[in-house]
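What follows are several structures.
In the two complexes that follow, subunit A is the common piece, with subunit B as its partner first and subunit C second.
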Partner chain A sequence: MFLTLARYVRTPPPDRWWKRRYVFNNTWRFWGRHRNCYKIAIQSMQHAWRQAKKGRREKKRFVRGLWIERLKAASEEHGLPYEHLVVGLDMAQVQIDRKVLTHLAIYEPKTFKSIAEIARISYGEGLMAATGKQPEGVFTRIVRWE
Partner chain B sequence: MASRVQQHWLTFSRMWLLCDARWQPAPELAKRICKYLEGRHKPVYHPLSDCGDHVVVINTKEVAFEKNQWEKKLYAVNTGYKNTMIAMSAKDFHRMDPTKVLEREVYSELPKNGQRKSLMTRLHLFADENIPDNIKENLVDIIPPVMEPPKRLDEFTEEEKASWPRLFIPPADYKPSD
Partner chain C sequence: MVASMRSRICWATKFLLDSSVIMKPRELSGARNLLPAAAVGSQSHTCCHRLHTSTCRLQDTPENLLKYRYKSLGIDRWNPPDLDPTSIEEHPAVLEKVKEEMVSPDVGRLFAVVQVAGKQFKVTTEDLVLIQQEMFADPGERIRLEKVLLVGGNNFTLIGKPILSRDQVRIEATVIEKFMALPVVVYKFKKRKGYRKRRDHSQPCTVLRINSIEVAPNLN
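Moving on to the complex of A and B:
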């Protein structure tokens, strides 16, 4: 079946008024001619959409940074550096993410305190297993003099 | 807690914290003070919520610099006369006004935004331990020091000196050959 002619037929362009109305619906808050003149408004609209796309990606980075800042403060309140908290929880196979940990630190302080204890203990145990060093003042293994 | 509103007010209330600058390294102390001024020590921190605290620093005349920074570090000083800007060493600047060195350090450590000047108004510096009474009433907590200032030999007690670990105890008739 010969389809080329059928494919040459294009949909008609949108009505000019409606095409501009779409743009002005997005730019009604802008300043001056960026609000009322199509040629200028369409550029402003595209710029705004580009910035919004960039912002959506940056917002995720900013929010994660805020979680980490808050967790640093919360873990210092319990005498733990942030790295010890995160590494200790990873060693104890606790996979709570930073978002929920921050919520717990603010709204459930006692829960967060016990989480910090888990991290502190598992970090200490992990260090011992990795380096072979004993904690101070405690003999858990027999020391051999050679 | 009686109500949510009261809990909210208590969480975001502004504290007054005391900091002793005696023999503390100035740049590191400034970073720590900035942290408390901005409110980064709180789990409810957000850059837009004004959650920083007041910091009262005492004994700023006894703040310390490393190595020969007192001679080498230069501060730009405005004399008040036009076209004369002086570069003063930290030693002379400290002699001129004992609180200004730490003020400059904190100012340079704060984030360079519109909040900086309003946070500086929440920093209260005193050269020695004399604090006005209306500030003393407000103080709530102490900022932990950056480093413990070392003790002089005469500041140790006799028991500590006696119980200090020794490598060996020489006999009574031991005479070192000079």
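Moving on to the complex of A and C:
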């Protein structure tokens, strides 16, 4: 018996009300017709999704810039520019990232002070090894008598 | 007085940590670009010649604690120099103090910086940590967190290069729950081209409760 046509019965399309309900659930906070009229609401909803996707990526950049700003302020308190802090920690093989460093600078000031010291010392040593000159005001572990 | 003691302690901590680096150092973004800034004001246009002389001088001194191998103005970061074991004896007084602190019963609340799933967290005991990754352990199981970058208390800090060894710290956590986060809509669209795609993404998450952070006085 030929059953193929019977099997090609299409599933009914989703109920119109439910389809619109989904969109209005996403757009209930929007302005005016973007909230009430389906044709306009769909487009705003999709626009919002696009912006959200873009924003998720930009948020990471923004937050990282915020950490760097805060670390600049925190390291200046200890008399150390931010670049010296970061390069010095890198030379000392300390791999604590900026997010945690910011948190330590705010909530664990003693620890951050010691981290700044480490960075200052290793930065000075790096400079000295690169240039052969002992930097002023820093007593490093490698002392040269010239 | 306290401030100077802290700085001396931190100086010592730089020495007293062992150099058993288990994993390859992770590259810090941005630091590479900043390296030339480190040599600002020092380099001349004929810097090549000067550098050779300075590296020769470095290799000559036998008591060089940090044996950097300079290929350029930067440091060879991927082969970090081994610490001389004799260098630790230079600051025995500070070592003693740090050991005392760690062994004493009223160590107080310790905090640690731990790396899990590619991200770093600063944790104390009884902390809840949300990790955006599916862990192999089931809820209720106890886990030991191994990548510890820093451990600190009220009066001392141990900073790892880049991580502390397993003998020095022990952090235990329990898996509390594992779930899928609420779905996030990823919508791709190009105008006037008929290109649109939609995807619902729900990230698997795990919540850990940090049970204990222990510090052992077993320093190398």
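Everything below uses one rule, namely that the second predicted complex is superposed on the first by the 122 of 146 C-alpha atoms of A that agree within 3 Å, B and C clash if a C-alpha of one lies under 4 Å from a C-alpha of the other, contacts with A are read in each partner's own complex, and residues count from 1 in each chain.
Just so we're on the same page, a residue touches a chain if its C-beta (ideal position, glycine included) is under 8 Å from a C-beta of that chain, and two chains touch if they have at least 3 such contacts.
All of these numbers come straight from a predicted model, not from anything done at the bench.
With subunit A as the common reference, subunit B sits beside subunit C without any clash. Using the contact criterion defined above for the overlaid structures, shared-chain residue A:L66 touches subunit B, although it does not reach subunit C. Within the superposed three-chain arrangement, the count of touched residues of subunit A is higher for C, of the candidates subunit B and subunit C.
By the document's definition of touching, neither partner reaches A:E58: not subunit B, not subunit C. Of the two partner chains, subunit B is the only one that A:E77 touches; subunit C does not reach it.
Using the contact criterion defined above for the overlaid structures, shared-chain residue A:E125 touches subunit C, although it does not reach subunit B. Judged by the touch definition given at the top, the superposed model places A:A92 against subunit C, while subunit B stays out of reach.
After superposing the two complexes on chain A, the closest approach between C-alpha atoms of subunit B and subunit C comes to 15 Å.
Subunit A residues in contact with subunit B (one complex) as well as with subunit C (other complex) do not exist.
Within the complex formed with subunit A, the subunit B residues making contact are 40-46. Interface of subunit C with subunit A (complex): residues 3, 6-7, 9-11, 13-14, 21, 25-26, 28, 30-31, 34-35, 37-39, 42-43, 50-51, 53-54, 57-58, 61, 64-66, 68, 70, 73, 75, 77, 80, 87, 111, 113, 120-122, 149-150, 152, 157, 159-162, 184-189, 196, 198.
Contacts from subunit A toward subunit B in the complex involve residues 66, 69-74, 76-77, 102, 105-106. Across the complex, subunit A meets subunit C through its residues 46, 49-50, 52-53, 56, 83-84, 86-87, 89-97, 99-100, 103-104, 108, 110-111, 113-115, 117-118, 121, 123, 125-127, 129-133, 141-142, 144.
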